[in-house]
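Going in written order, the chains are labelled A, B and C, and every chain counts its residues from 1.
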Amino acid sequence: MIRTYALLAWTWTRAAAQYPLSFALMTAGGLVVGGLDVAVIWVIFANTGELAGFGLTEVMFLYGASQLAFALADLLFGNVDKISQHIVAGTLDVMLIRPASPFVQVAADRFTPHRLGRSIQAGAVLAAGLAGLDVPLGRVWMVPVMVVSGIVIFAALFTLGGALQFLLTAAPEVANAFTYGGATLTQYPLSVYDTRIVRGMTFALPLAFVNWQPGLYVLGRPDPLGLPSWTGLLSPAAALALAAVAALAWRAGIRRYRSTGS
Amino acid sequence: MIEADRVGRTFTVRRRVVHAVRDLSFRVGAGEFVACLGPNGAGKSTTIKMLTGILTPTSGRVQVAGLDPSRRRTALARRIGVVFGQRTTLWWDLPLRDSLELVRLLYKVDRKVFRERLDEMCDLLDLGGFLATPVRQLSLGQRMRGDITAALLHDPAVLVLDEPTIGLDVVSKAEVRDFLRRLNAERGTTVLLTTHDLGDVERLCRRVLLIDHGRLAFDGTVDGLRATAPGRASIEDVVAELYLRSRTTPRTPPAPRPAPDGPSATA
Amino acid sequence: MPGHGAAVSLYPRLAWYGFRRHATYWAAALAGAFTNTVFGVLRAYVLIALWQARPGLGGYDVAGAITFTFLTQAFIGPMQLFGGGLDLPQRIRTGDVALDLVRPASLQMWCLSEDLGRAAYLFVVRGGPPALVGALLFGIVAPHAPAAFLVSVALGVVVSFGWRYIVALATCWVMDDRGLGVLSMVLTTFFSGLMLPLAIFPGWLGVLSRALPWSAMAQVPADVYLGTADPAPALGFQALWAAVLLALGALMTGAARRKVVIQGG
């Protein structure tokens, strides 16, 4: 699986290198797209000292953690939500005649390392946020754990979005509401949102486990909903649970495709 | 090598159940060269998809190279080669050689075997001149030769081709046909192809399967097919008459498949 | 050559075809409306938090900021704020553009007509749901000058087209439109007011961003709706940018025709 993925990713990287100007523009574009989010945060904090109880460095930390996870998940699995294009163009059939998993083939399809630019930008914001925060050593270990959990959660969301497109071939954009919507939702402290939304993101779609619950643990701040401080430590479990659901949904999607031909 | 036993396939199109293929039974032995004919929407593509593991049959049993395609898709992929005339399996922006190298790695073909095989194919299909050309710059005939090479690198026992000569000029057509004939004769590879070009049938196949309305309408030799409509001069007229005879009953619509659109994996 | 009368009826007909063509993709349009609505809700909460910390910021009250959010989300479809909406880059890549350039009609006006039809359809189908959901969930204010607002939206579409047409034609020289598309998307989303109202951009950035063409695509129509901008100068600003971008596009069309005719694509 990993070998096939690496093989295809490397091939696509070389294909992308055939258009050096576009490649450079896309890399720059990725950096600037991420930079735009930072510009928005900067404009907001140019106007206020704190947002929903959180200061600039705390928001940078939360933003950096979720966006680093999202950018890496997008780099590795973002193309899964292009499955409807493959269904429409008939290229999914081509993938099914090869001795490799269609999931790996779709995920690695049109792999573009320029998305790494976005990860570097998010990582820089995360580092800058952490540097300004003075987090005790006893809780810093949670940072890499939350980023990895975040990658798994976002990868699962991309997979769920892809699985959904087996049903909604004509309306693939619905999936964006969950994938890119999830990335946008976690850019800011969840205390910005209505408590009903926060509850939904904690107990139903576990987006609160990307950076909010583990972030509260790292920051040593109490949960506004009153959940215990160790809730954040459950991130890996929440991520694995969502990944299991996504894997089942994907298998159902492929089975449906092979049994309906549409 | 290929066995279809009372195979059926239904689709639900706008809540109506459509029988794309029904009760289809045939056997293709090792080393045979068989053409699958039928008007548009007759169920040829659906049949090919069931034989290659892309689509699961609703009823009946399929065996290809000793495997059930719907259950053992990946294992089957290593034993068969598939060529789609209307879609390429090559990587659009890469030189042909790189696409073939990638196929080698995907199918885990040994480097030495690959080299010998590629040399042989270069010889037979005259690939040498454009191995370094990106696939998007190849002519349709060159691309088809590249696609056939890609499908044969792992030396499959069965080669399935869906309209391999579609859109090719007379010279390219002749080259592809000549190659397929030699492949079948010299290596003993079993070949099953669908086509609308009766030249393919006359020049290549000993046996013809005619599918219409999802059923097997004829299974026999080319001469046998001619005999079904005596007095017709060319094989084209014979087939046209067979198609027209069956017009009295409504035709099955094709499997739902919108038009291709936008850039994608390999096309 | 078609007479003057034929040309007059050609372009409205193209606009009608553009409308009908997009009407066949209603499922995609509704999916887009759904996504735009979800993002509108997320953005609205962030802006509410900001306006709670700084009431009256940028001359908007909280209701005004919420309205601004859902209006600009509703503009994403008709103004194509994320780019695209034209077949041109695809047709340039495949070489089909040569067929378009030999037609006895202006390529630019041809595309503009189709694009206006597209925008009209998406204004209703992709613009309606975010505005409606915003009104139901948070309450949005009524338009200050409805007629001026509709004119402003139409001018915004023309400015948006003028810009996207230039980006699309640039494919003639760059030969791969993806990188250009990203660059255009970045400029458009940030400087149109889609991410935050340009009124709260600090200092020189605020002044600059309000003078650039992208503000005519979202910020200006939203301000005309809210009454935070005088209609006459606002519409004049949009018309000026529309004229400048269309003129630039016409020059590029000439250059593209020479390139295609002389170099064969």
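Worth pointing out:
To be clear about the criterion, a contact is a pair of C-beta atoms (placed from the backbone, for glycine too) under 8 Å apart; a residue touches a chain by one contact, two chains touch by 3 or more.
Note that the structure is predicted; figures quoted are calculated from it, not measured.
When chain centres are taken as C-alpha averages, the shortest distance to the whole-protein C-alpha average belongs to A. Distances between chain centres, each the mean of the C-alpha atoms, put C farthest from chain B. The centroid of the Cα atoms in chain A and the matching centroid in chain C are 28 Å apart. Distance between chain centres (mean CA atoms), chain B to chain C: 46 Å. Remark: chain A and chain B have CA centroids separated by 40 Å (rounded to whole angstrom).
Touching of two or more other chains is recorded for residues 19 of chain A. Looking at chain C, one finds that none of its residues touch two or more other chains. Counting partner chains per residue, chain B shows two or more touched chains at residues 262.
Those residues of chain A whose C-beta lies close enough to touch chain B in the complex are 4, 7-8, 11-12, 14-16, 18-19, 82, 85-86, 88-91, 93-101, 105-106, 109-110, 169, 258-262. Per the touch definition, chain C reaches chain A in the complex via residues 25, 27-28, 30-32, 34-35, 38-39, 42, 45-46, 48-50, 53-54, 57, 174-176, 178-180, 182-183, 185-186, 189-190, 195-196, 200-202. Considering their complex, residues 11-12, 46, 49, 52-56, 58, 70, 73-75, 77-78, 80, 82, 84, 86-87, 89, 91-94, 98, 102, 105-107, 134, 255-267 of chain B touch chain A. Across the interface of their complex, chain C is touched by residues 19, 21-26, 28-30, 32-33, 36, 39-40, 43-44, 46-52, 168, 170-174, 176-177, 180-181, 184-185, 188, 192-194, 197 of chain A.
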